[in-house]
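Below, chain A partners chain B and then partners chain C, in two separate complexes.
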Partner chain A sequence: MAIDQQKALLFGAAAAVRLLLFTAFPSLPTLLAGRVEVSTPVTSFKRLQEGLFLYTHNVSPYDGGVYHQAPLLLPLFSLLPNPSYYPFATNLLFTAVDLLGASALMQIVESGQSVTTRLFSSSRKDMRWSSIAVAASFLFNPFTVVTCVARSTSALTNLFILTAMAKASQGASFTFIFALSIASYLSMHPILLFPPLLLLCYDVRVTKTKSSSSPLAFTFYHTMGLVDAIGGLLSLSAFLTGSWEFLSATYGVRLLLPDLTPNVGLWWYFFTEMFDSFREFFLGVFWLHVASYMPGLTIRLRKQPLFVAATLTGIFAVFTPYPSIADAALYLSLVPLFRHLFPMMRYTFLAASTILYATFLGPAFYYLWIYAGSGNANFFYAITLVWSLGLSVVVGDSIYAALRDELDVERPELRGKDVKRI
Partner chain B sequence: MALLNSVLALRKDPRILKLPPYLSLLCILGGIAWLLVLPLQEYSRGTYVSENALLPGQVHTYFTGSEHNIFRAYRQEVHGLADKSIEERTRRLGDVFRSQNLKVATQRYKYHASGRNISNQNVYAILQGPRADATEAVVLIGAWRNMDNEINTSGVALVLTLARYFKRWSLWSKDIIFLVSGDSTSGPQAWVDAYHDSHSSDAVEPLSIKSGALQGAIAVDYPAGPWGHRYDKLHIVYDGVNGQLPNLDLFNTAVSIANGQMGIGCTLQRMWKHDDKYQDRLQTVVRGMMSQGLGHATGPHSSFIPYHVDAITLQTVGDGWHDEMSLGRTVESLFRSLNNLLEHLHQSFFFYLLMQANRFVSIGTYLPSAMVIAVNFSITAIALWVASGRSATIPNPASTDHKDKNAAVTVVEKDGAKAIIPTAALEITERSLFLPLGFVLSSHFIGLLPLYIFNNTSQSYLNLAFNATTAITTILPLATAFALSSVKQPTEQETTLVQCFSLLLLGMFLSALATLNFSLSFLIGIAASPLSFTRAIHAPPASSPTSPPPSFLKKNRTAISVAQATLIAALNPLVLMKIAALVWKVDITDILVKAAEGWHVWGLWTQVVVWLAWWPAWFCGAVVVGSGLFS
Partner chain C sequence: MLSFLALLLLHALIAPALAASDYSERLLLRPLPQNALLASFNFRSNESSTAFEQQNFRYFPRSLAQILQHAGTKELHLRFSLGRWDAESWGQRPWNGAREGGTGVELWAWVEAQDQEEAFARWLSLTNTLSGLFCASLNFIDATKTIRPVMTFQPEGDHQNSSHLHLLHGTLPHEVVCTENLTPFLKLLPCKGKAGISSLLDGHKLFDASWQTMAIDVVPVCAEGGECVLEMEQTVDMVLDIDRSKRPRDNPIPRPLPIEEIECDTSKPYNAHDTCYPIHKTTEPGFSLADLYGRPIKGACPLTDDEGEGANTVCINTPPERTIDIKTDGAYVENKLQSDTLRCYKLPTGSDFDLVLPEQQMTTGLVHQEPPLSAARHINGHGQEHGSVQAVIKNPSPTDSVEFVYLESLPWFMKPYIHTLRARVSGSSESPIKETYYRPAVDRARGTHLELRMVIPPSSTLTVTYDFEKAILRYTEYPPDANRGFDVAPAVIRLISPASADNKGIYLRTTSLLLPLPTPDFSMPYNVIILTSTVMALGFGNIFNLLVRRFVGADEVPTLGAGGLKGLIRGRVERLRARFAAKRKAT
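Moving on, here comes the complex of A and B:
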């Protein structure tokens, strides 16, 4: 079967599954949109609807403190018919978002940047999954499906992150900058992906044109481009809402964590327990912690920038203030790009079981806490710790495997020997 | 670090793979033994009231004397309504409440399940507490018909009498709602759903008047006719839907008042005779676990518990010398205690096993037994995962035995020293995950089919559907295994991985379930435990002079596989259900009708667990054994 036929079949099946879920269980989107694991205060579809209502009634969408998402989503969604009565258009949009994401993922696979970069070529580079298989693992990942059905706006962020990666791995500067600026505009933290993806883009461009342009000029132009694009988006938002107050309602909320609704991350519990006088300090520490992975990984794994970007999405899924399973879905769909690292990963079974266990125990413990009243917040928090542990094991293990892979190329005589930590 | 390395090195030791079956067996036996020691004096605890606001039995009760005459009059009234229509009954009961100056409302409900219509009416009245601000309420329930479908004449009469009596007191600091529900299960469910605005509007009428947050509910079940009946004991029923339990403080308060203040003996779980011996305690625990595991509604109180409203039913049993007034005084005292509450019952345990009216074990003590049983599946799953990544037996080149001589070897050199290692030991086996994962996931999806069938078949076909499903599910695994072997013979690794994933999922489901419904998890764990020990025994590869002689297992492959298949067929969830129904002499149709009612009305999810967790695990296990048979 030709690759196009396979792709059509895969995309058709994935769209069918989503639309079937939407139509066969009309109450499912609302149910999932109310789950804390899926919808966070900054991505919830219900809050988007609230913002939309205010926006269409000429009230500032940020009045009332419910809506914390980007202003440009409002004109987009106000074009669609009201999802409470005619949900089909919205459902179709979210299905399309997933399919576009999968398409971007296929482009990343086809670029081959996950195994062979300008400076590095893995010794196991033939061990790869086809783009169809990787796209299938994204489209049929239950976390992706649930995110899509819950119509969480992090699906859009995921799409733009994947697009930015795809375009960077093709060396298409303009679209890369554009996609990344939208992703950063929507959820702020993707801005941290800029340095590794810039390196990726630079490497690809140098390989393609066979001439090494000045890295400084390249960085300068791209940074300026990013600043311009984000500035443009922000100005457009200010123009649209009539004031700059959206900054504090969107990025302010993401930075300062005023809404302590439980989620699968690690922040909310800490900050509910914390005395207010320590709040600013720990906000600083927590953000510093998230951001500090970027320079470290980018420098150490300079030769594999795509791997750095993928690993950073895993870091985001664990350490950002409002993570949801959508972030984990993004990371877990990027992991299959690095099929060649699997033989060197040591804890795959452990990590997979941990994530699976947390997936089932999380809702059970949340039920015990909120509905049955027989448990308490510690139950759910314990499970979010396990969930984060599972993800961080995958992150840590894959970094180990990537380093080991580099070592195998640099020192072929050490292949197959046990390594010791010094 | 050195220690860690040596532990990691152990992973390669073939002996380590021999251990897990014993470990699994140990877990199962440990889990059962753990449960068996619980009734001992040393492992259980005496009950105590934690919430000091309750002060059980500290008040004098005044429900005596002339109230008895009023009770008798109401009982005659209620008896007179026995053969009246539902509308007439509701109207007359409403009139009685209205004559007591209470606010009255009615509610119709109409459910469909198994092709039956369950339609009836609830009538309720609200007493506004003189010191209350309508933010909290307690409920007194008298279902028109009790669980045995007898008319609850004296129970309803007692509710009416107590309504009149309570109205005179000025000390209530919570509203009191008197509810006469049409039946004992769906009626209270309809009412409590509508009270919390979570009813489906096409089946249930909304409530026209409401009060505050419900703090507790007491149901009275006293089906004595117009001439009364003196009872011996109070049977306290406390199981909620899906095995959720009310706060132990409520139960303790009821026991303490009935026993200590009124001198009425209390019993539970239909243990009419309880000598406080080990056997009796164990029997009570096991009955409690069966009831909790099934998750069905056991009385009018059951529907309240999922809404986090602690509730119990007081049922009169036996022939003795206690009369309706002592029951009335018990309820009065109980309401006085609930009236004292400053906050929702939260102090005491929500997870417990009772073995007598005043002895219990709490979750910390009993949970490990279900957990270790669930862990046994995870251990086997891990062992199978490791086994699936191992290539065929590693030959020993140094052996003097003839058969290992031709094994391929590799020379490795380290620090100038050379060693000859069998090549097989160096190879990393790649696992082919696609078929096993797909198979396990799709077998979990197949479970949706019987789930749908049993919940939506009409009553008259349920028995047929059950027998047909039993027959089909018994044959299906063998047919699947045969079909698989004729289409594409699954490799040994693939069958191992199928079993690995299915047991991993089962272990995960059961450990998650153990936190929600301990008993169900324990019972399914026990019933599924043989799945940890059955294996697909594949035919040995075509023998060549170098291959080792077939082991005992391989020699008697067919016989052992057939024995395993028979054992597994007997463990079919449906077969076990049939056996259980025969042992307890219950009609299987009744169980299925109740289950369907539970699914549509009460929000019961026991069948989800059975069909989407237990049955698929059984199915995968059976297919794995079958594939050994057909290899």
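Moving on, here comes the complex of A and C:
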């Protein structure tokens, strides 16, 4: 079967599954949109609807405590018919977002940047999955499907992160900058992906044109481009909403965590239980902690910038203030890009069983706390700890595998032997 | 069968006459169905506005007046309420609901100020000083509990002399009204509870009532083109359960009556000398003021008028056939008004006065006016995550449609989704909402404020629903009894049409709601800090350990730990010995 036919079949099947879920279970989107694991205060579709209602009724959605999402989503969704009565257009939009994301993922696979970069070529580079297989693992990942059906706006962020990665791995500067600026505009933390993706883009450009342009000038122009694009998006938002108050209601909420609605991350319960006088200190520490991974990984794994970017999405899924399973879905669908690292990973069984354990027990324990009343908050908190631990095991283990893979190229004589870290 | 006299007694009919003199008081008693008795105490004192500005007070309490002057307050309404008015059996509310508050404490005032900030600063000083005066937690009315109603409240007084008035409104639904609020209330009266009808007011009886509300209203009233007076009205309305109130204070536990005193249904086959099916008593219960309040009225307050309307201090609204005995040593005057259904008494000065109504079989009854609207509000759904509020408003009138304003003031941790707001009238697809005012809540800064102007057609039911989400709070923000839940202030309804005859308006309030919120585990902040930090340290340590270290072959480095534990200990000992050797060399 030709690759196009396979692609059409895959995309058709994925779209059919989503539309079937939307139409066969009309109350499923509302149910999932209310789940704390899927929808956070900054991505919930119900809150988007509320913001949209206020926006169309000339009340500023940012003069309130419910809507914390980007202003440009409002005119976009106000073009669609009201999802309470005519949900089809919205459902179609979210299905299309997933398919576009999968298509971007296929472009990343086809670029081959996951195994062979300008400075490094893995000794196991033949061990990789086809773009169809990787796209299928994204489209049929239950976490992705649930995110799509819940119509969480983190699906849009995921699309733009994937597009930024795809365009960076093709060396298309303009679209890369554009996609990354939208992703950062929507969710703020993707801005941390800029340095590794910039390196990736530079490497690809140098490989393609065979002439090394000045890295400083390249960095300068792209940084200016990113600043301009984000500045443009923010000014457009200010123009549309008529004031700059959206900054504190969107990015301020992500930074300062005033809304302590439970989610799968580590922040909410920590700051529920935190003593008031230490709150600001720990907010600073937690953000510094999230940001600290980016320079370390970018410098140490300079030769594999795409791997750094993928790992950072995994770190976002664990350590950002409002993570959801959508962030985990993005990371888990980027992991298959690095099929060649799988033989060197040591804790795959542990990580997989931890994630499955948390996936199944999370909703049950949440039910025990909130509805049955037979458990307390610690039940769900314990599950979020396990979930975070599981994901961070995957992240750590894949970094180990990537470094081991580099070592095999540097010192082929150590291949297959025990190594030690000193 | 009782035949019902077509009698509608309105407080409004007797009220305006009272405004003429500088101080007047009135107690109105009115038996209600099911052995209940409504007692309405009303005290009015006037002070001319020039005297008020010169701080020259006769009847107006100085303590309150100086607070009002300090806070620039032109009109004040303060309510302390408990219990629920059972409109289905008791009918229309006293004063058409205009002297009534939501459960707990409710305060609204018109404050003179140049801008919003100044108005809010004055409002805060007003609530803090009133808090001290009334021993209530009014100082907890902060920005999160204050709203600025747009349509629901209209000033009662004449405000042509003042400009830049700001209306602010705050509620404390959790406040338990009790004796410590009654004592300062009585101290504001000129006779201070020593004489006059206020001598009946006793904390034990007042707060034992099925429903009670204490109100203070300060309103400027201006005659046509003439002098303005500041009128202060203090009102206490209570519904007493007669049987409950007659229980002696030293023996308050209800006990079954001896079988001889119970009326039995003799038609039952099992009826015997020791078995009885009690039938509902058809007689009106007997009572006296001393039975109900534990003491009679201690004579008239000497400051009230001797003649005219103002002298009719105690009134009772019963059918003319009801026997009323007066027990007093002094001289009293009885007046019969409104075709004898209202009997008013001028109190004797200096001697006790008591009304005694014996138990009596009645052939006529009084008609209780049907309330123009009835409203109920409750929370639907289960679990501590989200739910929905449903308010059901009924219009019993078969002919008139009713237009009203519905006001909700919600705490910030209850987050309504206004896009889910639906209002339906039974049997009609037209939206009853004519106008909406909505100001969303901001976390920890401001509560939700929702006002809806709606029209309800004759004999139909209007249902308002909306979804909300419950926020989880920081553990220091929960009260000590966190699992009890949080109180949500009652919704306030004001009727626009049919309009009220006076400028007080027609109001009704729903009951307050109890909102259970999800709670964290209060006992383990340290554990959470430790466990979360451990997970973060595991991730951070694992990753940075990989990033900063270098890989070498396992056989390339000499291992200190060779030989397991033994080798490890030997290595340590070796190292210590080397250190000692170095020290010895140094000395």
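Here, the second predicted complex is superposed on the first by the 422 of 422 C-alpha atoms of A that agree within 3 Å, B and C clash if a C-alpha of one lies under 4 Å from a C-alpha of the other, contacts with A are read in each partner's own complex, and residues count from 1 in each chain.
Throughout what follows, contacts are C-beta pairs under 8 Å (C-beta built on N, C-alpha and C of every residue); 3 or more make two chains touch, one makes a residue touch a chain.
No experiment lies behind these values; they were computed from the predicted model shown.
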> Taking the superposition as given, does A:E273 touch the first partner, chain B, the second, chain C, both, or neither?
Replying inline: second
>> According to the stated criteria, A:L356 is in contact with first (chain B), second (chain C), both, or neither; which is it?
In response: first
> With the two structures laid over each other on chain A, which partner does A:L31 touch: chain B (first), chain C (second), both, or neither?
Replying inline: neither
> Of the partners chain B and chain C, which touch A:Y293 in the superposed model: first, second, both, neither?
Replying inline: second
>> Applying the document's definition of touch, where does A:N378 land relative to chain B and chain C: first, second, both, or neither?
In response: second
> With the two structures laid over each other on chain A, which partner does A:L389 touch: chain B (first), chain C (second), both, or neither?
Replying inline: second
> When the two structures are overlaid on chain A, which partner does A:D418 contact: first (chain B), second (chain C), both, or neither?
Replying inline: both
> Touching A:L368 in the superposition: chain B (first), chain C (second), both, neither?
Replying inline: first
> If you count the residues of chain A that each partner touches, which comes out higher, chain B or chain C?
Replying inline: C
> Does chain B (first) or chain C (second) touch A:L52, or do both, or does neither?
Replying inline: second
>> Shared contact residues on chain A, chain B side and chain C side combined as an intersection?
In response: 371, 417-418, 420-421
> In the complex of these two chains, what residues of chain A are touching chain B?
Replying inline: 343, 349, 353, 356-357, 360-361, 364-365, 367-368, 371-375, 416-418, 420-421
> In their shared complex, at which residues does chain A touch chain C?
Replying inline: 34, 36, 46, 49-50, 52-54, 59, 63-66, 84, 258-262, 266, 268-276, 289, 292-293, 296-297, 300, 315, 318-319, 369-371, 376-378, 381, 385, 388-389, 392-393, 395-396, 399-400, 403-404, 407, 411, 413-414, 417-422
> How about chain C: which of its residues touch chain A in the complex?
Replying inline: 382-386, 412, 415, 417-419, 438-444, 469, 471-476, 518-521, 524-525, 528-529, 531-532, 535-536, 538-540, 542-555, 557
> Which part of chain B faces chain A closely enough to touch in the complex?
Replying inline: 1, 5, 244, 306, 308, 344, 346, 350-351, 378, 382, 385, 414, 426, 428, 430, 504-505, 508-509, 511-513, 515-516
